[in-house]
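One chain, subunit A, appears in both complexes that follow, with subunit B as partner in the first and subunit C in the second.
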Partner chain A sequence: MTSVSVIDELKKAQILELLKQGKRIDGRTLDEPRKLKIETNAIPKANGSARVYLGDTEVICGVKIQPDRPFPDSGDKGLFICTAELLPLSHPTVETGPPQPPVIELARVTDRGIRESHMIDVSQLVIQKDKSVIGVFADVVVVDQDGNLFDACSYAATAALLTSKTPTWKMVDDSPSIVEGGEKQLPVNTIPVSVTMGKIGNYIVVDPNGDESESMDARVTITTDSNGNICALQKGGSDGFTQEEIIQCSELSVKVGAKIREQLKLAQQENR
Partner chain B sequence: MGGRDANMVLLDKNGIRCDGRKVDEPRRIMIRAGGLKNADGSAYIEFGDNKILVGVFGPRDVHPKHMSNTDTGILRVRYHMEPFSVGERKNPAPSRREIEISKVIKEALEPAVMLEKFPRTAVDVFIEVLQADGGTRCAALTAASVALADAGIPMRDMVAAIAAGKVADTVILDVNNEEDQAGQADMPIGYMPSLKKITLLQLDGVLTPEEFKKCVDVGVKGCELVYELQKKALHDKYFGNRGD
Partner chain C sequence: MADRRKYVIPGDIVTSGPFRPEQNVILEGNDIISTAVGISEIYEDSVKVIPLTGKYLPKINDLVIGKVVSHTSLSWELDINSCYIGFLPAMDVFGRDFSTHADELSSKLKTGDLVAARIANFDRTRDPLITISDRDLGKIDDGILIKISPNKVPRLIGKKGSMIQMIEMATNAAVTIGQNGWVVVSCETPKGLSKAKKAIEMVNEKAHIANLTDLVKDMLDEKDES
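Up next is the complex of A and B:
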């Protein structure tokens, strides 16, 4: 009946003991992410969508594209907003009500990775300068949790955006009106991929699962773009990384990210 | 919710509806019991173009404590729509409509769940509408019953639900979104077929007393149909060989 997410000391000790032998509790190597499964067009009513399974973590992203007012200081750019939310059915410890700090961090890190990579070419999303622009909303919901929500949310949002189609609007009588048959792919510059690594003792593991997340001392999420450049980073957890460890993490994020990017491209092609 | 056509024919002269169904024909219904790893019980339903996920937790401790009841357990239901579930993006915060639906679904489930066996505890039912297309409360209630059963919570019966309604002066079963928007009446019904009790009933629209009787009758028959699918979903999970 009680359902607090407390990992036993025994399991924690076991995770550490296995790492000393170069092994992980679920049999992966240290730099190996879990199996990633991407289903695009999961929500046909959205302009783009994806259901992503990263191991037993499951998230859904739906993209809605609609006319909006531009921000006063950037009338020549469309809007891109990404949110992330934990659904209360995803874990017994999730409570309804205003989001807690970890969830706010999750949403902001997911948004930042995509925004800072300039994935969406917002300059192409203008209907009339300073008056009306296209807003792209990527809402991600976590359906089932088993660690590393950061990457699952990022992959779902990216896959949904890659397969999104936007209508075309033109101004008629000072208000945007849909142009029939004007549907086209969302303008995309690059494919950002986030890779989260956990630090357990002195070991760095890629894509920590639920048990590993409970026992890790620190965490870092690094997003890379299609050119292999690093475009966003977030460190979390109550321990630090040495300089060498951070460099190791950045190299891992490029290497692991490249493979995941291929999978995202494949999902995009299959959707066409 | 997408292209609503003012001149749409809701019922043609052959008695065929705007989506090709006959007057007494429900939409395609697929129910799956289970599926979520962390929830104590769960269910997923596709009811036409509705896609709804339900997770159940409990019986478990009540927070905040003052909500607990020393005589019985309590049922808490949250019905929530995702921002991408409808045509125009929905604000993720709960609306007045969602709060009302949460309440009617809770009151529809309460007669079915043996809460008195679990004093001082709560059973939480979380309903997430991933895609909406008319009739979400019925689909949600149907799936919530399966999720409660999947959680192993003692129940007197399952509640099956479907809407009856009226378009073009004709009583129909399972009102879709277009029929709800442009039709004459929409009457969601939740019914416990073994106990023969109606636990949810709402009505929007005008019906004559005869039409009302017919709507209830059509709705109850529809619920009996849905009930078979609920039982099949549980049977498939616990006695089938689907391997999940």
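Up next is the complex of A and C:
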């Protein structure tokens, strides 16, 4: 069937009409994210994992931790790589095959938010300098899609990393070998939280759902760390933001992010 | 009676004997076998299965609600909630003297527009041909779209339109039901609109319940008092 989903004009008009009255199509306020549910340890055999429900959006993240060769220019740092992909089952428009540009963007934005917040202290993930380091790979899969994949993927990856346990390795005969009983938590500095906001007409909505995503003119994803500092930002869509709107978005991302960070902390504590 | 209606899955033998196979059943030797998940019904000389779920299969002369998803220089493509794409030729809208140079299709219908349309021709080998040149057909300008299962459309209409009439009377809403399971509701008051929407969704969810009309009636009345 069709490869792009088209929102009907009537719904689009209805969304805008409701926004003018300060309401949203699913009854939320403009700065209210959907209900977030985090289940950690969703994949028992992974080093860490999480399943996250953000409204009707559902994503799973698995973390694999294994020794790897460091990048030539940073032999004193471990690796952290985060990927994201969509299951064909997640939405009628998703097809198998190489990832489309929006999916590549999703993976990069998810990765960047966590990487640039320096959540994982990669300097502690070195087995032998320039020879062998620990690589942390967080793979996120979207199972069900109803808008705002950026945040859902980010929360899943963060929750999975927060509850990940890494084995320790030592060099034996020039190759890393596992130390029995040396499991410990990943070295975590901060908890990044990404908040995506959509612009529909002149209104800024937090955590746009599927219908809102399709009728929004622009979007911005802002990631903040535990201190409330902005560490990553991605803007998309054809329309622009005014200076005031960007300031409003940043303030929203700190405010909304703080609440979500508490939920992530709670999920981490429950896992212990 | 209890014996005549039962739940079947594909491959189940509904009955055997001299019956005429109707919807969703095939005749294999002397057995009548279901091809769908649903409720079988055996009449005096015929057998059919009412499916519980499924996509819309176009039928000539059906009124459907379509959504414009794309257009070429000669025709629009409509999403009609089916495995087929609705094909609406430009000539149907612009008339016989349609010219690809002079007439711009997006000036009449653009992507995302909803239309009330009729299936003009369909033979399963090609995409269904759709027309909007008739009374009450054409672009829909207001209201909200509600999606229900195409198999539950008869239930929403009710016997001789009883169910839908009841909903329309109680809420003052105008309801256009497409056979493809897409329903457009428009109403002067937001309250009536949400009530009509609730009623339609209720029919969709509880279509298998026997005294559904009473349930819906209770729901509609109850809201009036509050």
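The rule is simple: the second predicted complex is superposed on the first by the 268 of 272 C-alpha atoms of A that agree within 3 Å, B and C clash if a C-alpha of one lies under 4 Å from a C-alpha of the other, contacts with A are read in each partner's own complex, and residues count from 1 in each chain.
In the analysis below, contacts are C-beta pairs under 8 Å (C-beta built on N, C-alpha and C of every residue); 3 or more make two chains touch, one makes a residue touch a chain.
Just so it is clear, the structure is predicted and the values come from calculations on it, not from any experiment.
Undergrad: If we overlay the two complexes on their shared chain A, which of subunit B and subunit C does A:Ile246 touch? Say first, second, both or neither.
TA: neither
Undergrad: Once the shared chain is lined up, is A:Leu30 touching subunit B (first), subunit C (second), both, or neither of them?
TA: Touch partners of A:Leu30: none, neither subunit B nor subunit C.
Undergrad: For A:Ala218, decide between first (touching subunit B), second (touching subunit C), both and neither.
TA: After superposing on A, A:Ala218 lies clear of both subunit B and subunit C.
Undergrad: Between subunit B (first) and subunit C (second), which, if any, makes contact with A:Val254: first, second, both or neither?
TA: The answer is neither, since A:Val254 touches no partner chain.
Undergrad: By the touch definition at the top of the document, which applies to A:Val103: first (subunit B), second (subunit C), both, or neither?
TA: neither
Undergrad: In the overlaid three-chain picture, which partner chain does A:Leu10 touch, first (subunit B) or second (subunit C), both, or neither?
TA: second
Undergrad: Could you tell me which stretches of subunit A are touched by subunit B in one complex and by subunit C in the other?
TA: 1-2
Undergrad: List the residues on subunit A that touch subunit B in their complex, please.
TA: Residues of subunit A touching subunit B: 1-3, 42-46, 49, 56, 60-64, 66, 83, 85, 87-92, 95-96, 137, 139, 141, 143-146.
Undergrad: Would you tell me which residues of subunit B are touching subunit A in their complex?
TA: 1-2, 36-40, 42, 49, 51, 53-55, 57-61, 63, 78, 80, 82-89, 92, 121, 124, 126, 128, 130-133
Undergrad: If we count contacts the way the header does, which residues on subunit C are in touch with subunit A in the complex?
TA: 67-70, 77, 79, 83, 85, 110-114, 140, 142-145, 184
Undergrad: Provide the residue numbers of subunit A that touch subunit C in the complex, in ascending order.
TA: Those residues of subunit A that touch subunit C are 1-2, 4, 6-12, 14.
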